[in-house]
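There are two complexes below, and they share chain A, which is joined by chain B in the first and by chain C in the second.
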Partner chain A sequence: MAQNEHLRNFGMLAILIIILCALPSNINLYQRSVIMFTMMYVVLSLSWNIISGYTGYVSFGHVMFYGIGAYATGILVVDYGWHWIPTLFVGVFVSFVVSLIIGFPVLRLKGPYFAIAMLGAAEGTRVVATVWEDLTHGGEGIGLPNIENSFETYFAMLVVMLVTIIVSYWVGHSRFGIRLNAIREDEIAAESLGINSTFYKLFAFALSAIFPAAAGGIQAYKVLYIDPETEFFILVTIYMKLFAMFGGKGTVIGPILGTFVLYIVQEITWVKFPTAHLIAFGVFIVLVARFMPRGLMGFAIDKGWARKGMVH
Partner chain B sequence: MADMEIALDIQHLKKYFGGIKAVDGCTFQVPRGQISGLIGPNGAGKTTTFNLLTGVLEADSGEVIYNGENIVGLKPYEIFNRGISRTFQITRIYREMTVFENMLSASSMKMPVREARERAEQLMEFVTLTKLRGEYGGNLSYGQQKLLEFARALMTDPDLILLDEPAAGVNRTLLNNLLDHIHHLQEEQGKTILIVEHDMNVIMNHCEKVFVLDYGVKIAEGLPEDIQTNEDVIEAYFGHR
Partner chain C sequence: MQEKAEIRSKYWLAVFLVAAYTIPFAVGIYTENVFFDLQWLADLTTVILNGIMQGGVYAMFAVGLTLIFGVMRIINVAHGELVMLGAYLTWMFFFYVGVDPLLALFITLPIAFIIGLLIQKLLLNAVVGGPELTPLLITFGMGLTIIHIVEAIFTTDYRTIPYAPDAFQLTETIAVSRSKIISFVMAAFISITVFIFLKIHRIGKAIRATAQNADVAMVCGINIFHIYMITSGLAAALAVAGGALVSIQFGFNPETGVLYTLQAFAIIVLGGRGHYIGALIGGVMLAVIESLISFMIPNGTAMVEIASYGMMVFVLLIRPRGLMGPKEN
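This part shows the complex of A and B:
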């Protein structure tokens, strides 16, 4: 890829960061929350995209890593008196280890079998969080200290989003990413052409597990209360998948664009049609799936507005 | 044949699928630096043999000696990294990746990026696909896909190249182009090439040695002109006279 294209992309990212840095002191608490959660879903959808978009292993259980991060923060802050920032690193580390333990057997499965196995793994983690009361406080959940933290969490999420975007950009413009795509396209051919698919899949899976843990930790500190039902809620996985697919999976810009557009559309429909917002949101998704099956980026490529491929 | 002259020494290779003896104790030696052909009727075990040689399938028993090492039991990527590359009977290019990405995907991670890009550019030029470098693999004609797969197999400069039916579905012009490239590799770079092919013109006119399989067993080997008149080969293809 031409050096200019990298410069242009990082220029766009810099503009986005400047805008997001300037925003919080000029908007109200509700708007700050909406943007923070939008950034959180950018982190989640980009992470999901690494294993599912590039490698083609569609995960229905990524909420597991988000939940692990949330619980690491909740437990360490409440029961051990830690400052919340270092708890994020613990969540990331635990998620990384869990991703290796789960990923090694589960990534041997393909297609719907992998999806179901991941769904089962996430459900299993939720059950553990519910029954292991000594550690997790069980079904009654964990209440965190009630303090004003909207600025702290906003900027922490901004940093995590920035790191996730940079890592995703590297994946999306490197031979590592091309090799993940090769695995998605044809794993037998990829192996026959020198790609150790077990290593690459596991690496991608672990990479896709660490950022949701950080996001989950920040989210726990923001909402001040966590319990197994909300932190391991399958809808979180569905949203990350939906946002990535809406923007264009297997691309860097797609999940970012998809999340900003779809999350804000969802928020607007919720405000405008409080009783029917899910129907309006659902109709919107059906229309997009019908007319833009490869998402916004696929549409842009078909129209000639964006170039085919990751590396040029 | 002296050891130095043998690129691949296949000994008593065996692969059964339940009751089907796909490869049944196959033994032959592929000569180094030559173009050899592997032929046989449908179901003779040619593609299975290729899959065993490249680790896509694991042999039940037998040995494949390459550079003094038995490569049976190695993973496909380990075999590839030892210098054996291949194409497939039905092309397995990456359809939703561009031609250039298809090429880069097969480059070694040890090769610097700049070098890998240059190598990909050279090979695309070699097979006249430069103009299509930004096109998705799936949008190429079948013949172009064959050329892409061939070029991709050369990314790491392998010593031994296994081509599974390179002529199938390729028009005469593209095929001649492909055969020119194969000869160039053998003559100019001393590569060893083993071709599975049903097109007898390709085998008889371009291979220096031919191996014939039937029911998973090697029934003949020799020069193309000798194979044409071999009674066992004629019987395998046409039945008893």
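This part shows the complex of A and C:
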């Protein structure tokens, strides 16, 4: 990987950051929220991409970590009176521990079985959040105090997004990422070359679990009300999967591009067609999976607009 | 070495199943919901009988899933959505036309068969035998589309079909709801018909041949893409029949399909993927565990869902073959 290519990629990132820093004071609250949620989905789809794009273990239940982060913030702010920023770190830590506990058995499953086991794990977490009323207030949810400042959450999300992008970039360009790719292509061959696949899979899974927790925490503080149905909503997983797949899974730029395009499209369409946009999303997943499995980036690489190295 | 691991996994599965059946009792005793008097024993018998009746219906739509898996190695994540669609079709005929839910099967089953055929023809035929995850994503998107089309037409309200709501008294204290008995009998009838079809009909034999080895089947002059389409239609018909039988017992809304997918998947994992009798046994076992949980654990009805997730994950980890599935190769 040439040195100037890193420079160019960081230049692109710097331009993105400058634009996102300059935006919030020039736009209204609604637009600020939309951009914030777009950044949140960048975090989510990039994290999903670490385990599912690089490592090839497609997760259908990543919303679980997002929900855990949201609940950590909600519980600590309301029941224990914490400031909201430290709660993000608690959420990240809890999510990390949970990802190790769940990942150790579940990552032994392959392909579709892993996907469905994760779907089950996420639904199971939702049931736990509903049933464990002493901790989570059960189905009635938690209402957070309305002291949120939209600039604070905006910049917090920007920082989380920045960290996620840099970590994803590091994963994509390090020996670690190459090992993950080797596991994706052929796990047995990778093991025979001396790659400790259990360790690397678990590490990738934990990495992909911590950022959604931080994003979920900020989101909980922003929307002021959380309950099991919305925080463990399967649609969040669908979004992160679709955004990453549309952009091109296994790349760093892909999920970012996919989210910025699709989230803003869906924001515009859902205002006009509240139910039809979900039907369209279902059709869209089918079409992307069937005709464009490598996403926009795959298309760009075939056309010669992007170098193949940017995929990995 | 292999043999030993094989036998060990069998014992571990047995241990797990015993534990799964014991845990509800243990929790029940701990929370003082278990009394061991005559009344309680009668209630327990009722619950287990109801569970078995329930299991017949679960098993029927799980057979559809296992059929698709066995023939094409595809996991159809939209299977539960087809069950939900079946419930809505039955409800539509019952509510707007006034057709009896069971007679409506004569209309809904051909519709379902055609839906399955079309899904296979348009979407899945091209991806059979490719990467395992592509069909998973396709059926997932399909399920999402079905849910939201149904939601756009019927809203998210719960619907019910009032059908044979009274209970059938076996003895003075043991009673089983009549709609459950009717649906169990129907489920048994439909499953047996499908088995006989698979055993003796020419097309049934072709389906089994394709499941065993698609290449050899093709060499023998079987058009496997036709067989795929028929299989998919059959599976959709089983799912829709399951939906009809579910609809006369429970309320349903567009979101309930996800649960049925997971239940069906847990059942075929437990029974052994691609194994039809296994699916029947797995269905009954899962339903009995679920009813034990909701009977003995306080707040248990909310926890019923955990039974299928736990079952699925643990069986996949302990013994991926399940109870009677073929050896992994």
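FYI, the second predicted complex is superposed on the first by the 284 of 312 C-alpha atoms of A that agree within 3 Å, B and C clash if a C-alpha of one lies under 4 Å from a C-alpha of the other, contacts with A are read in each partner's own complex, and residues count from 1 in each chain.
Here is the rule we go by: contacts are C-beta pairs under 8 Å (C-beta built on N, C-alpha and C of every residue); 3 or more make two chains touch, one makes a residue touch a chain.
These numbers were taken from a predicted model, which means no experiment stands behind them.
Engineer: Which partner does A:N196 reach: the first (chain B), the second (chain C), both, or neither?
Structural biologist: first
Engineer: So, does A:P105 touch the first partner chain B, the second partner chain C, both, or neither?
Structural biologist: A:P105 contacts chain C only, not chain B.
Engineer: When the two structures are overlaid on chain A, which partner does A:D186 contact: first (chain B), second (chain C), both, or neither?
Structural biologist: A:D186 sits against chain B, while chain C stays out of touch.
Engineer: Looking at the overlay, what does A:R175 touch: chain B (first), chain C (second), both, or neither?
Structural biologist: It touches chain B, and chain C stays clear.
Engineer: Looking at A:I279 after the superposition, I want to know if it touches chain B, chain C, both of them or none. Which is it: first, second, both, neither?
Structural biologist: second
Engineer: In the overlaid three-chain picture, which partner chain does A:A289 touch, first (chain B) or second (chain C), both, or neither?
Structural biologist: So A:A289 only meets chain C here.
Engineer: If you look only at chain C, which of its residues touch chain A in the complex?
Structural biologist: Chain C reaches chain A through residues 75, 77, 123, 126-127, 132-134, 136-138, 140-149, 151-152, 258, 262, 265, 299, 302-303, 305-306, 308-310, 312-313, 316-317, 320.
Engineer: Going by the contact rule set out above, which residues of chain A touch chain C in the complex?
Structural biologist: 58, 60, 105-106, 108-109, 111-113, 115-117, 119-121, 123-124, 127, 130-131, 234, 238, 241, 245, 275-276, 278-279, 281-290, 293
Engineer: Would you pull the chain A residues touching chain B in the complex into a rising list?
Structural biologist: Of all residues in chain A, those touching chain B are 175, 178-179, 181-182, 185-186, 188-197, 307-312.
Engineer: Which part of chain B faces chain A closely enough to touch in the complex?
Structural biologist: 54-56, 75-77, 80-81, 85-86, 88, 92-98, 100-101, 104-109, 113, 116, 134-136, 152-153, 155-156
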